[in-house]
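Below, chain A partners chain B and then partners chain C, in two separate complexes.
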Partner chain A sequence: MIPDLEQALDRISRVRGVRGSMYVAADDGIVVAHLLMETVNGKAVAALAASLARKVEGAAAATGAGRVRFLQMDAADGTLLIAPAPRDLLVVTLADPRVNVGLCRLEMMRAAEAAA
Partner chain B sequence: MSEDIRALSAVLAADPASLVYVDLAEALRRRGDFEQALRVANGGLARHPEHADGFDCVGRIHVGRDDLPRAREAWGRALAVAPDHLGALKGMGFALYRAGDARGALAVLERALAGHPADDGARRALDTVRRALGIQSAAPPADRPVEQGARVAVETPTPVPPSPAVVPATAPGAPAVPAAGAAADAAAELPPVFRGLEGATADILLFDDRGLVVAGGLSGADGADVSALAAAGLAGVSSEAGRTAQYLALGAWTTIVAEADRANLVLAPVGPGALLLVRRDRGVPVGLALRVAERAQAAASAWLARQGA
Partner chain C sequence: MTTTVVESWTERPLTRYVAQSSARLVVVMTPAGQVLAQHGFARAVDLMGVAALGAAIMASSGALADLVGEATFGALFHAGQRHGIHLAACRMPRGPLVILTVFGRETSIGLVGFFFDEFAAALRAAAPADRERGPVLAENFEAELGQSLASLFGR
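Showing the complex of A and B:
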């Protein structure tokens, strides 16, 4: 893994409640780099996150909101966070429901910059 | 229908090069068997790689699979082969509109109507897109009387069900686009569910999981009503979120927050089959937008309960 990306993912993973984070190709949902708990299915997270991001991007355009910069899906048993990054990548984080989203967001934005 | 499929299958089995593969794929699509329909259509296209009808059919199948990018690609290939293909033009117009590109849809549908001025489906779709853009509706051909239904559709911006699984089945080759009217008209027509909340008729939208507007409203930057367009696009987000949550064992999804260039969006389910969107300016903190969404969610839930919905 590229050291900068590895460090960026490592910083995200230090946030309490984070189960894993990864760089994903936005177009096809393929994992580019990851740091995950063993129980997390990285390929599934990547594919689904990329698909969801595409859907939201289209819907946001329809509402006149413009390009999506950060996406958060909260569910009863977990939270999925997605931040678009340069080079058609996404930074994706899977976390517990009560994770500090603000802190995750900051680290994910740094991770997005690291991909430039 | 199953007898049709059997008969068409028999014809195709006897002559694998037959163009009847399009009819068979279409019959399977109408039955909701999208994967089998796609296999049949792709099999036919492998033998007839320049067959525009085949690509048009693939476009409709992908709409049924809720895969608009692939539908758009298929219609693009149909148009590359046959630039005036009516089904592909209408399909492309539908796909562009659903993707939020109303201007692109307008251009394609104008092309469809120019080449096929008697086609009511193209005219209705074009009228709908024009209304969404605040442009006067297309006049019918001078030699054709305006049908009563068409007149009502123009004068009353009644939303047309945009469900891709339903529309192409009832109007083959003529995907409908959701109707929209001026923001003021829409606000006057829809129930005041969110009265008291800021942006009650311009920034808060209640819609169902098939993309039909239920209450509230959403206006575009130019003040035009974009409720139907937004509802159609957001319904797809809801189903994708449900699939994601299910596959990843996250339980039921509760909210989706999208921070975008010009606005923050909060999407939340309101009971079975209903969804809420709250849009706030980019400068409004996400936490505050979430609080507003909670209030709107409660109001919507109570209103739906009163309606017995």
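Showing the complex of A and C:
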């Protein structure tokens, strides 16, 4: 299980501009597996990404939009991408603002499948 | 919800921690169970019970860590259906403090743990470093407990 997850994270990290990616427990906001640049505070990103995902899920449910499949937050100095995965996990990626989001998303969806 | 403190330097860090982490109840106490600050408790009897049990859990886990050759276990976390408990020690210039946080489904252990680290750093920065806290003696315990509760609940 863990080698599969690490391999999946490794594939995400090969996308140009990615600073790090991780599996996060959706309910707890705790890092399950990660591959991060040294400058990235994984604990903080995991906790805040899980919190963000939960709030967006609530908003989606309240508006009748259904299950959230992908989250993209663009900020001035970075991009946060979140994809729900099986086993109550989230695949979270932190990247530069100009990252190829399509490619990232593809690898994150593969990573989500790897967690099944 | 009210935040009350016995030692005023704890108030600002505690208020900030509660706001950031969305904690429901927080107790800042000495390892002997003497309360320095609290958030969310309405009754002295509840606070006394939680502080005593929290201090006892920390003492037990400390003894267990000693048995298996660990200096200390980090934070302890208990997950329930509706509430979680985060219990951790915080090293301070005047001796360690124990901080117990009770949180609900509106937040997560990840967020509480993340903001706890900031809280501990803020407490360390705010703490007076003039003297070490003395041991709690049985003869003084009840009087000190009474004084703390009077400060916290105004009775």
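Details
The criterion applied here is as follows: the second predicted complex is superposed on the first by the 115 of 116 C-alpha atoms of A that agree within 3 Å, B and C clash if a C-alpha of one lies under 4 Å from a C-alpha of the other, contacts with A are read in each partner's own complex, and residues count from 1 in each chain.
We take it that contacts are C-beta pairs under 8 Å (C-beta built on N, C-alpha and C of every residue); 3 or more make two chains touch, one makes a residue touch a chain.
From a predicted model like this one, the values you see are computed outputs, not experimental measurements.
After alignment on the shared chain A, the placement of chain B and chain C results in a clash. In the superposed model, A:Gly58 lies in contact with chain B only, and not with chain C.
Of the two partner chains placed around the shared chain by superposition, chain B is the only one that A:Ala76 touches, whereas chain C remains out of contact. Contacts of A:Ala116 after superposition: neither chain B nor chain C is touched.
Applying the stated contact rule after C-alpha superposition, one finds that A:Ala44 touches each of chain B and chain C. The partner that reaches more residues of chain A, of the two candidates chain B and chain C, is B.
Of 56-64, 110-118, 128-136 or 146-154, the segment of chain C whose C-alpha atoms clash with chain B in the superposed model is 146-154.
In the superposition on chain A, the residues of chain A touched by chain B in one structure and by chain C in the other are 44, 48, 51, 54. Partner chain C is touched in their complex by these residues of chain A: 24-25, 27-30, 43-44, 46-48, 50-51, 54.
Residues of chain A that touch chain B in their complex: 41, 44-45, 48-49, 51-52, 54-56, 58-80, 94.
Those residues of chain C that touch chain A in the complex are listed here as 79, 107-111, 113-114, 117.
Interface residues of chain B facing chain A in the complex, by the touch rule stated above, are 68-69, 98-101, 218, 220-221, 226, 229-230, 232-234, 236-237, 240-241, 243-245, 247-265, 277, 279.
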